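In what follows, structures are represented as structure tokens.
One chain, subunit A, appears in both complexes that follow, with subunit B as partner in the first and subunit C in the second.
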Partner chain A sequence: MTDSIPPALVCRDITVRFGDFVALSDVNLSFERGCIHAVVGQNGAGKTTFARVAAGLIRPDAGAVAIDGQPMPLGKVREARRLGVELVHQSFALPPSFSIAEAMEFGAERFGPVFSARGLVNRWRSHLEALDIDVDPRKSIRDLPVETQQSVEIARAMVSDASILILDEPTAVLSPTGAEALFERVRRLKKNGVTVILVLHKIREVLAVADTVSVLRGGRLVAATQPMASLSASAIADMIVGGTSANDDDANALVGAERPRHASAATTGATAAILQLDGVSTLADGEGPPLDDVSLELRPGEIVGVAGVEGNGQKTLVRVIAGLAGLGRGGIELAGIDVSAADLAERRRLGLSIIPFERNSEGLSLNSSLWENWSIRSLLSGRLLRPIRPGALREQSDAALKRWDVRYRSSEQRAGSLSGGNAQKLIFAREVHDGARLIIAAQPTRGLDIGATAFVWQALRDARDRGAAVLLISSDLDELFDISDRLVVMLSGRIVADYRPPYALGAVGAAMTGAEA
Partner chain B sequence: MNSNFITILRAAVFVVLALALCGVIFEFAGYSAPAMFTSIAEGAFLRSGGLTQSLRWAIPLFITAVGVGLSFRCGFFNIGAQGQFYAGAIAATCAATWLDGAPALVLVPLSLVAGMAGGALWALWPGLLRLRSGTDETITTLMGNFLATLLLIYVTTGPLKDPSGSGQQSSSRPLAAAYRISNSLGLSPTIIAVAVVVGVLMWLLVNRSAFGVVASLAGRNPVMVRWQGAKVWWLGLSSFLLAGGLAGLAGTLEVFGPNGRLVGGFLPAHGFTATLIALVANLSVGGTAAAALFFGGLASAALYLPIMAGLPSAAIDIINAAIALFITARSARVDRVLGRLTGLASSRGKAP
Partner chain C sequence: MNDLVVAILRSGTPLVYVTLAGVVAQRAGIWHLGLEGVMIIGAASTIIGIVLTGSLGLALIAAVVLCVLASVLLWFTIEKLKANPIIAGLGLTGLGVGGTTLASQSIFGSQASITAPFGLPRLGEAFGPFASLSVLVAAMPFVVALLWVLLRRTRFGLQLAASGEHPFAARGAGVEPARMRLFALAFGGVLAAAGGAELAAGSLQIFAQNMTAGRGFMAFAAVVFGVSHPIGAAFAAMFFSLVGALGIRAQLVFGDAVPHDLLLALPYIATVFGVWLSGRLRGGAASSAFGELRDY
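What follows is the complex of A and B.
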């Protein structure tokens, strides 16, 4: 504290507990004004909790926060905003039915009882222009592509001239070019004197944009606002990981230190396709863009990655393969049998397994016990009225969960009490079985820490090596590049490109946004 | 084991809390709460023949409540047991009237089947509306109760009316004695056997069949079950039909047992008490039997209080209402406290 100008944001001895779980433990951080600060760490390291404490969303159990030398009342969003702190959430928080101008006005918190639609639009058009965001303020939030939505979120955060802007994992939903554009925007904000704190989990991105880096691991601070000049990528990687058992290529992909090369190749080539989509188009159903003439073929023993900015039809692709989306035109074959009209039960009988997008709603019943969640697949494989012995099912599920290294106390325990990694392992224990010939893995590592992510990748590779076909949908290009034997890119419900290793980031990134490579 | 224990403990705590609240109300109303509770206990179980009377009321409540419990398990808040109970009684009476003269061994079983079908039919349309177009089943089943009540009044004053009736209470023609399955006390080996068969079959269905596990998973998260390839539609519809069928069976037992005919507006709170029983029992079949006995006791006490003890039978309504209040308003905080109490023991053995 020898400096006469106080730092923009100081956190002292912040501790946050959720029940028995310590999310942050004695975190001391001090962010200088007018710089871009990165906060990195694995999933579950406490990054988001930290961002929320700084923005007044979470009241820490101990500690203090000061803005520009002034103490900030803890856990009060309104006070934090008054002092100039704004947070852009990882999952966007603008009301989808609002127009951009309305969302801005709502965020300004000074709106009167009466306003004119045109007045609003004019008022916020200039704000958007000042931030160099090229979008019509009359458009609805829900009609915006992901990149624009995020720009609008940032514009919303800047309505009250925030002096400290915190972005929580802003790049998670962006294409490489989108991320580059975001960083350019962040640099411009910095030029205007804004202090930017970026919560990131890829070292490459930290190297590209940040002035300082702070590393959290398991809720503890490992490095505090170290200037980037003093650090190498591998030094940061070591601080994030703190020793794991993943192989080197995986480890690099996991922390995003450098672009991975495809590690291991597919084992088989010329056998009959397991999955064949033939010019599939789906009916519009309000759950994402419909598919438009999608053709795709998966053979046994290969992992096919699906890249794309979120919301470009990946969910519809999974639903149509599962038989849960209305098929408009085209045909679907599973193991050589036309299943275009078959229901999901029939498709599962033919060897389809799904690790769905939403682990906690589509994958598990959180309020049901572990053994019920595990045994549903076998329960549904026969007649519903047949007698069962719950004791036997519990034993089988215990054996399976042990094999998959799920950490739990009792098979009667609620699935909702498992950590994200263990919950995903439970789903793998159910879905990845000997009869699984086609495994759809949709964002299988989202929210998992490094150990669990490495586990999932290994499980998918093992399944591939056993002769299953794997369709991996992910928004993480590092993950896709590391384990896919083949890569397709989805854009607006179409498959627009098809690549084989080695993958070129530039080409894939361009295909994701529809730019010519 | 542990979670079952918490469940029983929780139900017990809420019933005790409700009784305590009622005690306060009795005192304020000028009655002695201890005397009131003593009389209720006498009326329900302690007096001679009390237990038999309680069982007479408990059996139809149990049969209806296991059905309600099943539809709750499947995630459908079917509160139309009252209407399904009436619809079953009406259908069974129609069948008996139509088959009148047939041997009892033909007529009675067919009427029981007709009663179940009538109850199931009364649950079918809310079920279809819910599963086909998402209409809230709470509203439709509730409304169905009023429709069935009016239908009952109509048939007992119109098509099925007993012309020789005194007119005080409209009812159908009395069944021939040969068709009755109990005397007017309402308890007979046949009725007990029906209850036992229903109890055992439902226990097997819920706890020892694939259907039971899948249905309870679907009730907690239909999306997940759908992603597993189950036909959630069929699961839901069968739960509606079973619940309706059982309520209809209970209504039929009243007609062929204690009443001996279809009486306009009989047991107007039956379905609601059964719903309450299912909730108190936390939807378990065994718990439903225990809770049915408790509420059957209260029903029996309601008849005993004014006659033998000179106390208002409305006391029982107050107790029912208070329990309903506590069970439906059970708070996360109480759950947390109970969880902590029982968790103290288990947390020591926690795996890493």
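What follows is the complex of A and C.
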């Protein structure tokens, strides 16, 4: 019946290998014109690889791609763009020093090759207006809030009037209201005849916006462009997870199916606070917005979640607790001791542990061995010229890594050779120990697959049950709602709201964007 | 006063050309520490070319071809052999300085310097006090302006900058960062050849071993000082040569009262100061020289 109109995008038998790892295996997908298609799956299921193959960024080892019935040369971005395929990346991909107008121009072929400063702005003002993006084209990319930056990315993708727009995990950095605005934009693009392919990992979002859904798991296709009408949320969830052993609330949180009710109530009594931030303000330092009069108290046996759109001071919060950001006003107490002027080593001695934002650059030394990465905890707290016994440290680290179920060949292997989940387990093995009374977990599950994510959640809960306080910073509200005993919201370097379960998505989302008075 | 301006133009022009080569490379993402090597290859091949062929045109063609080849060699080691750009650049400098010494000794024996019978055309009497300067000096401001247009006011310049700042973004737009870097280095080879030719044949008509004497590194500093902007970097290069010219004046004025070596070191001290200052002004951006290129 659709013989006369070929599908917008057809992928046939796509296989992509990275070394021994098979990222995509014989994937066959076909997307009809003028619809919103969702592609879902866990982290590591191959969604991003699929998007990059379709956009010509990755050349598959086998298979073929056709656009509107025309074969697309593989692995050639220029050809893919000429045929009308554009991709908006998960982590934004525009040069931060460029102005918006420059970011539009550098990938466009709409106008002449030479321009004046004013002419460049005029070229792109109407383009932005046509897409309802209200922003000054002279502004620098780096100065834009994330939600505007994403709109600009979409505008960049539309410079040559793309007919197929692929968005890779576009909601990962957005607040719930931001996501709703994005979906509205996507629906308008659909109305203008654009075929939109959304790579998502939350079922709630799929239900909200998509016409069809395709599910990938472990690089294989589980469901191909099924109309949404024929599927229930739980059926999609089963296809994504493929039967893991996590409990029901966790399973729902993992796939963003429905709001989990909160499992355990906080057991906070009259115990003394482990961490007390008292009206803390930091000095501006160009690494994010400074903190502005932040007060926060953590008691033993509670997990406090920090919600917020990324870039609203969460990194500064972690750095000031670690003693790495200049303290302007206010005081910090750890276990009842004023540490406002203490260095990180002193704070760690008092029981501070940090699972940092960037596990590959801040959490591990990728070129050092596993045992070196593990034992740095004890090495840093000792005297500088104390001799060390590598043999003993290797044995201790072997025992610890076994206990944490890290999969590795030898404790001499480089930390950089571990997978994301195992690397995070190594960090947990180092940071989460009996002496850890305050655990800062910054985006601890980002990029991990479902099994590793469930493991991390369990480890944080165990630490809480043992009496540690946990500060969990995350941009995944499902994660926060599932495991936090208490939730605060950060906006522009301030804590603007404080919630206890049961959490209401609407209220938290509004607080994240400042919509709440 | 005129003397001072002529002296600054004479010593500054070679530096400006080489600085521009560094600016183009930096825009494309390569901190070019091989400038010294490419510059001395340009200087040596111009003079040796004139002596051997008796033709300025052939000598300049040889200089451009050899400098471009050396730059492409740098691209190849960085891009294909995955060498660290800083180390590869320093290696190219060693190759240039050592290679030109070897070439001049094997052709002319162990002479300290080689003198050519003529050099680049001069501006002539019509230009009054500037008569003794070469045509490359007069062309310099236009080259700077053209490069500014190319880098800051064309789509090509934006693609070059994107390749340097965010290679992944460039690839996403269908631009091949590796190809852009090849162009940037090869084009820089032409500019550095001009700088070398001006240094050796602009006023002196001499090639001496190691005659660049750190000017390539000073040009690199001007790239940093000038924030990789062609006009800013050109002014930075002229500032360094101003300090040098003032140092020579100071020798005449102060005589033996001030140590001779200290005055000769002035441009280098100014270089360090300039790099420090630009680092302060930009919040330490210069340290990104050793940062990884983002390509994920």
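A few remarks follow.
Definition applied: the second predicted complex is superposed on the first by the 508 of 517 C-alpha atoms of A that agree within 3 Å, B and C clash if a C-alpha of one lies under 4 Å from a C-alpha of the other, contacts with A are read in each partner's own complex, and residues count from 1 in each chain.
Heads up, the rule we're going with is that contacts are C-beta pairs under 8 Å (C-beta built on N, C-alpha and C of every residue); 3 or more make two chains touch, one makes a residue touch a chain.
As the structure is a prediction and not an experimental result, all values here were calculated from the model.
Of the two partner chains placed around the shared chain by superposition, neither subunit B nor subunit C is touched by A:449.
Of the two partners subunit B and subunit C, more residues of subunit A are touched by B.
In the superposition on chain A, A:106 makes contact with subunit C only, not with subunit B.
When the shared chain is aligned, subunit C comes close enough to touch A:115, but subunit B does not. In the superposition on chain A, no contact is made by A:333 with either subunit B or subunit C. Contacts of A:95 after superposition: subunit C is touched, whereas subunit B is not reached. Applying the stated contact rule after C-alpha superposition, one finds that A:478 touches neither subunit B nor subunit C.
In the superposition on chain A, A:302 contacts neither subunit B nor subunit C. The residues of subunit A lying in touch with subunit B in their complex are 322, 324, 343-348, 354, 356, 358, 361-368, 372-373, 375-377, 379-380, 382-390, 393, 407-409, 412. Per the touch definition, subunit A reaches subunit C in the complex via residues 55-57, 76-78, 80-81, 87, 89, 91, 93-98, 102, 105-108, 113-117, 286. Against subunit A, in their complex, subunit C makes its touches with residues 149, 153-156, 158-159, 161-162, 165-166, 168-175, 283, 296. Within the complex formed with subunit A, the residues of subunit B that make contact are 1-3, 204-205, 207-211, 213-214, 216-217, 220-221, 223-231, 235, 346, 349-352.
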